[in-house]
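Look for chain A in each of the two complexes below; its partner is chain B in the first and chain C in the second.
And now, the complex of A and B:
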């Protein structure tokens, strides 16, 4: 589709140019070549297959999107599902998204760089020559920083930790914003279950290419058990990955181009993320039991 | 979450306390040795009852984590709190209540003399709210008040302390 569009553009602007080389691969997210968008579901016509469990504020309406299936390459969307607006259509704060991404990269970082200072380098206790009379520059030790082989004056000192924590609500907001952006940019796909007919990795790649999911896909489901077929299919693939819903994070969502959630994963995420909007400040850490944790 | 708590409670079950109670009045060494031996044996050895029914006294002390919705009031409550109306007003903007169900207007002081009022949690057209706030404060004070609109965060900062008046005005508008 893209090659033909590109060819048309070339022929319109330059007359008599040669055709595109056959080994040219255009990325699916090329700017200026829009993806074919399936028409977004109209709100009134289709029956809604899934409603939101949590209460929606009176002034907001649920966001709707297609429910797809991984059964076959050509299968049509099964219907329309409702998504909670406080998770999937929050105001997109890029500064919060940036802060959460940077935090995720750096809070685990410990840099082990360490160099010896002039006190730690062996030797250098004695004054090399007397202060006056030798004709040479005055020195106090042979390991001072201006000497060859001397210690480093202001080098990295010991393991340094870059640990810091952003407030819990900021991190939660970052997740909500990432989900919202994926939905808004048409990169979020809801699937009823992760059952695929073959454990062949080519099937998944073919499916993703046919449905224009993008270069990389992140598949999310709840629970520890996944169907064997999808585990085997994604094992050897580098760009299509599968994670449990507790492992969902902003960095992975930004790294992979499109996100595939199952219905249970959507329910889990809504429950966990919406709890933070109506919770008390912790009396004691949330790791300890409360009567109604999500 | 409750499971590890429960298991901790089980190890401090009444069986252990009863055993320590019985061991004390036993005078002779042989009896004490018998008691010690029974402590090492399995729990059902001396006819001790284990029950987990008393755990309900612990469970009712564990606090909730979610803020409850307030009871229904007709008009304002005796404390002065007014519940939000069922239907939101038909205005180009919406101001949500805070998580404690209050109107999100806060007063702020910087450097001891710079007073400002902040209206948070605004959704929709923030500039329309800004215009309405300026009109209201013009009628209230008789002069133009300086405001600062932050579209990204959905807030309006007003110069001066107008917390009470703005709260009453917003409640009267139906937020």
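And now, the complex of A and C:
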């Protein structure tokens, strides 16, 4: 069976037909359920359940997406929500995304590799034999780098740190681009709240599989308190994880295939990420008190 | 073409020129079968939660900085430098707590690097 429907979603997002490129070669053992894309709410007659709090520039229109619910497996989407275009439909700069991801990998890295130099290896203070007359090559110590058992000349020295910081606005832009890409690739789902009927992990897995959310799901909510049911359900699952909105980052968004945000999380993120567009440059670090910052 | 013909005629004698022994050594890496791929679990707790709270500054009102998340030696948290800078910082921050041998090695290394960077070579 020609299993080309699997990639139908990827190539038909902007073209109406299911046209695949003619030079596409698929492996014969490809398995995958074709991901049907529910049509994005394009019509304007649906009631919008949530408008953006921040002001939207006049030349941009808010992005719209479905609002879903986790109550039952077969529940229909509740309606349509607006998302701010300056957070959820920014131009996708892959180089910024790459830079932020590499930063996340490396800034915490401390490498503990260390080898002893010739001064640190025990022994080797005495000249092994006299300079002239013994017929052997001249040496000054038995721990020099050319000797077996000697120190290493240019080895890794001590715990090294690879810390650096990207500019704040670059990191903010990276988050916006990641959110935009998730939305554009149909991997972003907005949910009204995280109430689920059972603390059973199979329920969540079933739900994700039925709604074709992908292999891994990242659930984000604001606040320190989460409903007990969802906490218990995600505790034992490896690929479905829940984090507070403060912990959102590009690496987790790229690692997990789909992202589930609650409405409060969307509001929080929009507020935090849009502030950087119109702020003044800091005269002193932001952690010190400013009169107009809360 | 004539030489090719003579080669063919003397093909039998050529076969007797093949060595019956090898003149090389064997490789130190011995493999009797294709080794199994190592199984890496991509979804352990550490790997799935990697990077969480890295944006705690911009999303969390700037009360904390990502450099506070780094676990490691006290003289290296949120600091990057070359070897001399790292060693002098270690001596400033932790030097009075160090053991005698380590301290002595540290001081020797610092003086060696100082002389190396500031007295020899093109960049001094």
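Quick notes on this one:
We adopt the following convention: the second predicted complex is superposed on the first by the 255 of 294 C-alpha atoms of A that agree within 3 Å, B and C clash if a C-alpha of one lies under 4 Å from a C-alpha of the other, contacts with A are read in each partner's own complex, and residues count from 1 in each chain.
Rule of thumb we're sticking to: contacts are C-beta pairs under 8 Å (C-beta built on N, C-alpha and C of every residue); 3 or more make two chains touch, one makes a residue touch a chain.
From a predicted model like this one, the values you see are computed outputs, not experimental measurements.
After overlaying the two complexes on the shared chain, residue contacts for A:280 are found with chain B alone; chain C is out of touch. In the superposition on chain A, A:289 contacts chain B only, with no contact to chain C.
The larger set of touched chain A residues comes from C, when the choice is between chain B and chain C. By the touch criterion defined above, A:272 lies against chain C but remains apart from chain B after alignment on the C-alpha atoms of chain A. Applying the stated contact rule after C-alpha superposition, one finds that A:138 touches neither chain B nor chain C.
Touch criterion met: A:252 reaches chain C, while chain B stays clear of it. In the superposed model, A:59 lies in contact with chain B only, and not with chain C.
When the shared chain is aligned, chain B comes close enough to touch A:93, but chain C does not. In the superposition on chain A, contact is made by A:172 with chain C only, not with chain B. Residues 286 of chain A contact both chain B in one complex and chain C in the other. Looking at the complex, you find that chain C touches chain A at residues 43-44, 47-63, 65-67, 69-70, 72-73, 76-80, 83, 86-87, 90, 105, 108-109, 112.
Remark: chain A residues 57-59, 91, 93, 95, 275, 277-280, 282-283, 286, 288-293 touch chain B in the complex. Taken in their complex, chain A has these residues touching chain C: 104, 107-108, 110, 117, 119-120, 157-165, 168, 171-172, 175, 216, 238-239, 241, 243, 245-252, 255-256, 268-269, 272-273, 276, 285-287, 294. Put simply, chain B touches chain A in their complex at residues 1-2, 5, 59, 62-67, 86-88, 94, 96, 99, 123, 152-154.
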